[in-house]
Every structure is written in structure tokens, then in C-alpha cells.
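Scroll down for the structure; my scribbles are underneath it.
To keep things simple, chains are lettered A, B, C and D as they appear, and every chain counts its residues starting from 1.
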């Protein structure tokens, strides 16, 4: 499953990977801090068009060069890997240029602004034999890793639905709506957890309070096996909510990212329907099971540290990262379908 | 706005209203208890087809007659008012018979199984000059009354959206899906709070775990003024959630019915967009306001006691009750539209 | 361990026990309702000096006689068991009279106002061969029963400490302080859970806001095996808190009675000290263990129903009830010691 | 109230204060980060005996010198201010040496290990005309600043009591018990909020699970005006709790530091006792007031940033800082009294 067929010569001394960061706005500083604290990578240069951001970057990372132009980073022969933390519409041109220049590339989520763009990036990465990774941060949290493990061991039984709420007040993105901004996180988590194929997407929402893009939206995703995903994203909510309900045939769980410690709670609850007797349809037997709840211990490492680690390891081991270009494409495909549905009065869009 | 033009002769001694209750299943006992503890009404007879329910009713209400057949209650000349707490599909025939018999009628929500049925009931009530009321219980809670007051005094500004989550494990209804069972509550609350006209409804959902009716569903309601309502109802959730977010242009609130005391929290939060300068669209100014939160004191009276009180008062004062036939019709119309959308892949249904 | 040596003839048809209730104030109605809904007991008569309380009792229990004078209940030959739900200072005279009259007696907590009084009641009950039980309600909750089971199976390891907070606004008792009112509950729970002997009690507190009795108090109980109990009781708190932390050498738990469902949470957390190397005292090794948390399923039956059930069963089976006179005495002894400490500037009182 | 009578010549260009930090263990890195991000101060040198801590400090603060010996920092002529974040028993010798060397000094809480030590430090600072400040961090939080404002505007009425719970699992201090470690925070907050004089302290607790110092303790503080403070500190608790209840004659509040946003909640609740009629003592009228709750908006600045700011400003303006030597002495006096009480079976210690 590696992105390259070249053999990996083990026994070599590990090389430190020189990384260039493009974009030092909201997310860039977090990436920079985690690169700086990771082993095996070195933050060589930070690019940002705004002088005050470069000043801040310099104060915090005295050993790192800064520059105004992303092109400098991409042209820099010393830079082996580029991390892109810029507004969505710039992902594709920047990533494309970097990949074409033979750099390994990690792109902030979502990977690109369209399926076509995302696919092109993956194609270039494959052609150039470099690593393309998307920063689906939540996939790397202790919570989602644990939930994935519960899915794999069938502890939840068959997955039935996922209901996600991600709402708070702002920050409004100027170049996209709340779907591209917030739902990208949750669709990436669903993509990681559910081993089935989404077949249709619908989305409804509106631009409230005079804003030009949707700031509240609801997305529904139907899967080929009947699994149902639903997402509420909202920039106009009075409280910050980060909750997922995941229903399985054996157990159900709540993932509440606002909880300081017990973020994942697994409930031994379920319902059985006894439908055997066809004639007695009226007297369908519904039996409820209510048992213990437990909150598994979660790894506490910062998710972004794991993202940087995975990027470095994938480069080093010449393999595809956990959230590779294909994962990025799948999420962008869902986002694009949601966008189309939003423009079509919430009609279901087939994938 | 009274349902009758007959003058009300004040000064008379108040007559106690004799009430017959049809249905002593899940909700009936709560109604019976509240009738028994209310002044001005007397619980005369309880009808239920199941002997064990009649036994229980007799033990708890030693002074009340029981019978197996609802028709006996309706035919009983001593009974002036009939309360119907039976499965949905029986609402219309029972209420119709009682209204035709000249009884005042209070029906469990939703009022009937279709717009046509609901409208017929209202028409008969008007013709016979009797009171028709629907038990939209939550409208009578201290929380919703307070929220209505906040709406009326414009403390929230213009209402922008309402997002409701009502989920828990079971109880599965045998003759209807989760929309008709759970969403009826929240649509009734929205109907009570929002002074605008709904224009389109869409709904999506599915029957999970092999059940025959939808046990998870999402409903979206668009209003003529841009207001957006959204409802998540679910019988397969591991935890009980009863939360509404209501966004206003001035303030936003959270109504959490699971909170023991501070059920309503009003947040002095908002966003302003400065769009004046047309040329500077790129530099749209978004300013956030984050101020105090407060939780107003709520009336603690049991909602169902207020329902019974309102029914008695409306009969006594020969006026329409707060949740009259018209309110019942409006909610049934939304439910029916949601049902139609569910059957049409979530397509928007115009009202 | 039965209170009587008389053999119990099994196979007989169970007799219904006729119960008289003395006191229909705050707690009496709850007892009356549970007696009325229990099998094997019949609520024959309710005594209360206040006419309006008798009226209310009559309305709610149409088949039950009421009277103004407790002595009537005690003198009533048809009454086999008496339940006393009156102010603390009347517990002893009423219970004494009832026991002397050969009645089985269940007394509201605390059993009596002093160790001497409580002991006398137990002595009379033993002499007359009747059942004496104290209503330590919380001992009968699903939560405390589960915690007791966890203690018995050593799942918590050795018990180390219990920290209890029971605070809210009011209701102020007119004839006693917050210790006798609220702490009685928590001391009874500790008495039930901890298999060691308390050796010293201290208490501090004060009468705030001009009230004549202490309305805030703190109690500390030392046990012979080093176990430490601490209790915060407060009638002047803005929020209702009902929380116990229980620390064990293997696991620790939180019992939060305000939680709607997961009231008991067991944490697989602990600390180990490696003290083996005496010389290396400075380098003591502290290792923390942080594992899963789980919330066991709890029985949901109303505690008071179990209290009435236990009273009836103990009478029927001629055995001591779970919370017998001895348990009542132990709790009163702790309360009395706390009271003495309160009067002595918080000095430790040996038991 | 300045610590020096020398006139402050305004209009001068502000000098940057060169700061040396002694101790880069648990708290030191937080101080270092805040010094580095503050204006008007410069982190010149960091001392720590452990090479791996110096390495970490160097990586994070490339422009700052490190050294192994605190004496170097104190002897460094370029250093004008010294911040001490070392174990408690070293506070006094290090702070004394630094003050004698004419440095301004900020000491981690508690100021010193005894009243005598703390007083000597304050005396030297006064004599040398330099600033002595103690890092009572919580005094600088938005929450405590807001509560102090509510006290000053009499919004709570007269303060009646403060009940504090600060519990969690570990970290165990090797050179002191839980009182000196955790209670120092809460006693400092109480000292800041309450304008009355503490007159007596008692403390009880024990060393559980074989540890050598108390890891659970309860402290009670009586004030001259009847105010009561109580503190539960515990290193062996399964959950992290940081809660204060503060009762006032007009309003009461809850300060929950674990809440992500609404940390302070003010309850319009209270009790009035009508004691006027001496004869009717039995019929004392207790009336409860339950009104709205509100959560005031809090300043979100990191407390430690304000601590560093206050230290720099106090030096610059030649005035006493908010938490000066006198505040440090008062808190140490309470801690010392608590320690004495712990050694005397919880007996009250007069101040």
C-alpha cells in the first residue's frame, strides 16, 4: 500500500527531514510548534505574506527562516517536505507546485476545493513518487483511534448510524461556508470509522444574519449498507458542542470532545426486535437491553503531534500515510456533493 | 377568539366539569393524576380495554368508575368533557364521536393522523360549539412559557433558527414512526414560538436494526422569513438528550430539558457583519459579541397540571384554549409533510 | 440474626399487614404512597394534627381513615405496624409507646434524638419481640446497594476515605440543625458501607445569616483502621449537590445522586508508593495508574418502595431488617458526638 | 502603598527588565513562556540543576542562557529581577539571597515554609527597597477578579462562607503535604476576597495508602466577623474538582474552574429569617428567595501573563504588587496554623 515501489534501505542512519511551512495564520502556529517538538523533522522555513505573522513566527522560532512568498519555500532545494496551512482555494495550486517540485506534501483539511483538484494532486503525488497526506486531525486523536479499535473488534456490533454536532460561535471563514470548514472534520472521522460506501448525500442550510455563505447547515449521508450519517455544523451557536453519537447493533457510544477526560462513553444498550412470527406483526416484541457504561482510557498525546509523526514516518518508510490522498479525495467528494445539494434545495446527490 | 358567541354569565357558582378519560396506558395515568388533583374538574370514568389497566386505575382512583369500552364514556350523559390518550390512529374516530356527542375534547398529541382528519375535528368542534384542545404538553412548561416571553419582548431580537434534539432509547411505538411520536413535541414548541409561516418541510431517516418504522429521522422546516427549524428524533440513542438551540439576532439560548434547574440559558452572544462597503467585500468585518449568560427563573408547576387547568378554563370561559384545534392542525400538517418527504427521498415538500 | 426466636411457619397464606402512619408532613406522603402501592401491606390509618394535612391525605387515599391524635393509631388493635414520620424530638415517645403496645415500628431517620433514647427503643423492641427499623432511605437506593456490592467483592480494594457533600438551599428544620437533618443520611450510608469501627468524631460549623441552629457544618470521622470520613452539610448553598467520593486502594468511585442515570462511576485509578528502600526515602517512587472508568447499571426501583418492602418482609420473616435498631443507634451515636464536638470548638470526641 | 518612597520620574523611556528564572521543573516552563511573551521583560537566564531540564529550556528559549547553579543568577549583575520556582524549602534561602543582592523577587506560592521565614523576606525587601511578590496565581484569573468585583460592589451582600474543593489524582509533592501544596491556592483566593480577619484555624487529614505526608486534608478557618472558610484538598481523588461555593447574604455563587466558559455563576438566592416576634420563636418565618442565575463574562487572559505583568508594573511603578509580601505572609500564617492543627488532632489554633 506504499505510494512508491522503491525499496527502503533499512539500516541507514535516519535523515532529519527539512520542512517548510506555508501559512502562519490560525492553524499554522500549531503545526509549527509540533514540528519544532518532533524528532526527525526540522522546521526550516515559514512563509506568510503578512509581515506581522512573520515577526511572530520569528520570535517563536528563532532558528527558522521566514519569507513572504510561498514560491520560495517550494523552490528551496533544502526543503524536502512542505506543509500547507493556507485558505482552501490555495491548497491546489500550492500543493500542485510543491508536488511537481518533488516535495512531500501535507495539506490542511480539506485536501482541495473540488474532487477534480484533489484527484489531480493524488495523481501527481503517485507519478512523482512522493508522499501526499491530508491533515484530518481528528483521525489522530486518542478518542477516534479508540473508537476505530472498538469498530474493528466488533465491540459495537454492526455500525448503524453516526450523528455529529459541531457548533459554536464563529470563526467565520471568508472564502467558504460552514460545510467546507467544520463538516470536513466530521466527514473525515466518519470516513475513517465506517467500512462501507457512501452512496448519496443531501444538505440543507442557510446564510443567517445577513452573511454571504451558509453559516448553519445539516448534511445527511446514506451508505450502501443502510448506515446513516448526519452532521450539524453551525457558526452561530451560543455554546460550543462537539458531540458524536454512534449507534451499533451491540453497543452505542457518545464521543464528547468537550469532556476533559472521559471523551468516549460506551453504552451496553440496545434493542432487539422479534419479528419471527409474521402473523403476529401487531405484537412485535421489542426488548431493551440496558447495561453498564464504560469510558475507556484514551491516549493523551496531542493529535497534531501524531499527524506530524505520521507524515515523517510515511516519508521515511515510503508508505502511504493513514490519511492519504485517497482519504482526502473521499472527504472532498462528500463535501462537493453536500455543496451541490445545498444549491439544489437539499435534493439527494448520488455519488 | 372564543369558540362560541354565547355570553358567559359571571357571578354564577362554578360548576365542576365531569371528565371521562379514554386510555390508561403510558400517558393516561399522568392525565388521571392531574385531573384528580385539579380543582373544577372531576374524574368520573376511565375507559381502557385491558382489564389489568382498569384494575390499576381503580386502585389509584377509588372513586372513579372504569369501563372497557370508550363508547360508554362518550355516551355517558354525565360526562361533559372527554380526554383521549389512545394510539394515534384512534384519535380521529374517538374525538369525532365525542365532539358529535357535544363533549368538550382534549386529545393527546398529535391531534390526528392527517391534516384531513385534524381539520374535520376542528370543523365539528366549531359547529357544535364545544372546546377542542390538543395536549401539546411542552407548550405549558415553565421553560417554553419563558422562552415565549423572551420572544415577545424581542429580547432575542429576530429569531433566526431553532435546532432541536430529542433522542433516547425507546419506547418504540407500534403504530407510527419516531417522527409522529417524538417530533410532534418539538414541532408544537416551534409552532408556539415562531411568528412566521412555514413554507417547506423535508425529512430524512431510516428504519435501523430491522425495525419496520423509521426510528431515526431528521426534519428541516423552512419559513417564509428565512427562519430555519431542524429536528433530530431518535429512538436508538444511548443517552437521553432534550436540547434546543434557538438563535436570535440579539441573543441566543439553550433549552436543556434534562437540566434539573437552569433549563433555559440565555447568552448575550452574537455576530455583526459590516457589509456597507460594497467594494471591500473581501474585507468583510465580522465582529463577535460575547457577554454574560443568564438563566431566568422558571415556573415549576407540572406542565400537565397547566394543560388540565387550561382545558377547564377554556371550557368555563368559553374561549379557545392556548393549544386549540388550529394549533393541532398546523402541527399535523408539518408531520404529514415530513412523512411525505420521508417517502420521497427527503425531497422538500411545499406547504 | 432475627429479632425473635419464634419459628416461622412457612406455607401459610401471607397475611396483609395493617399499617398506621403517624405524620403526613414532608416525608409522610411519600411513605403513604409507597405503602399504598406495596403488596402485603395496607395503609389503614393516617394521623396528623393539622386538619389540612388530613384533608389532603383523605383525598389521596380515599380508603384510609385519618385522625388527629397519634395515640389513636397506637391504641388501634387493628394496626400491627406503625410508621413514624414526625419531627425528631417526638420519635422516641411515639416509637416507645408503639413498641410497648406490641406494634412493629419503622421510624424516620434519625432513629431518635440521643444515644440513650435510641438504645431504649432497641431494648423495648427486643423485649417485646417486635420489629424496629429505621428509615435510612439511601441505604436502599440502587446506587448504595451497588457500592456495597463493590465493597464486598473487594473491587475497590481496601476502603481509604469517604467524602460526602450534601448541600442545597433549605428546607430549614425548626427543631434541629443541619447535622441532624442532612448528615444523618450520609452517616447512615457510611455505616452501611464501611466494615470498621469509628473511634472519633469532630464537627465544626456555624449558624449563618442569623439563624438559631447551625445551617452549615463539617463533620470528620476517624476509624480504627485509619479510614477517614468527611461530611459537608449545608442549608445555604445556591446549588443542590449530592456527591460522594470513595477512595479505595484499588479503585475509586464517585457517587453523584444528581446524575439522572450514571450515578455511580468507578475509576480504575490509583497510586502506588514504592517505599521498600528505606535509605532512598528521598527518592520515593510514586506511580499512578489511570485506566478505564465504568458506570455499573443500577436497579431503578424507588428506594422508599424497598424500605417498605424490607419492613414488611422483616415482619413476615421475623428477622432483623437491613437497617435495624442497631444501625439506628450507631448513626445516632455519630450524630450525638458531632453535636458535642460542635459545642466544643470542633474538638475530637472519642466514641 | 508603594514599597519605596523614591519618586517615579515619568516621561522616561521604559527600560526592559532583565529577569532570571530559578527552577525549570513543573511550573517554571509556564513562567518562562509568559515572560518570553510579555513586553517590558526579557528572560535572560534560566537556572536548573538538571541537565535535561536545561536542554529543554534551551530548545524552547534559544536566546536565553542556562546555568546549573542558582547562585549564578543571583550574582549576575545584568539580572534585575529573579523569579523563583523551586521546591518550598528552598524559597527562603534563594529569595533572601536575591533580595540581599538588590534584586526584585517573585516567589512561587507559598512564599515560604514558615511565618518567620516569610516575614524575614518582607523585611529585607522593605529594607532594600525592592519588590517582593508572591505568585498567588488564582488571584489573577478572570474569575477571581470578577468575584472580587462582586464583593466590592456588595452584589453578594455580606460574605457568609466560602467552601472550596480542590482534589485530583497526584501529583504528590515529595517535600510537603497536600495542605502546603494545594490549599495555598485557595487560602490565597480567600485572603484576596474576604475583608475580615481570620482568628482560628483547624485542620484534619491523614496520610492514606502508606504515603508519608498527608494526601487528604480538611481545613476550617473562622473569621472575626463570623465568616467561615472550609477547604478540602486531596491528592487521591478519582476526578479533578475545582469548585468554590461562596455564600452571601444577598446572593451566592459557584466558581467552577473546570467549566470551559461559565466559570462563575451568581445565584439570586437567599433566605430571610423573621425573628422579630420574640414570643413566636417557634413560628420563625423562613422565606426563601429563588431568582435568576447569571454567569458574568470573564476576562480570558492567562492568569500567569497577568502575574508577570503585575510584577513588571510594580517594579516599574515602584509600588507594592497586588499579591505582595504581606499577602504571602498572611497565607503562610494560615498554612502554618493548619499544619499545627494537623499535628494536634485537629484542635483549633488561634491566630
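What we mean here is this: contacts are C-beta pairs under 8 Å (C-beta built on N, C-alpha and C of every residue); 3 or more make two chains touch, one makes a residue touch a chain.
Treat the numbers as computed from the prediction; the structure is a model and nothing was measured.
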Q.
Once the contact rule is applied, which chains count as partners of both subunit A and subunit D?
A. B, C
Q. Count the touching C-beta pairs: is C-D or B-C ahead?
A. C-D
(Q) Distance between subunit B and subunit C based on Cα centroids, please, to the nearest Å. (A) 41
Q | For subunit A paired with subunit C, centre-to-centre distance based on mean C-alpha positions, whole Å | A | 53
(Q) Residues of subunit B that contact two or more other chains, please. (A) 239, 290, 293
Q. Inside the complex, what are the residues of subunit B that reach subunit D?
A. 262, 268, 290-297
**Q.** In the complex, subunit A residues that touch subunit B
**A.** 160-161, 163, 165, 167, 169-172, 174, 202, 204-206, 208-212, 216, 218, 220, 222, 226, 228, 230, 232, 234-239, 245, 247, 249, 251-254, 265, 267, 269-271, 273, 275, 281-282, 284, 286, 288, 290, 293, 345-348
(Q) Under the definition above, what is the set of subunit C residues touching subunit B in their complex? (A) 62-63, 239-240, 258, 260-261
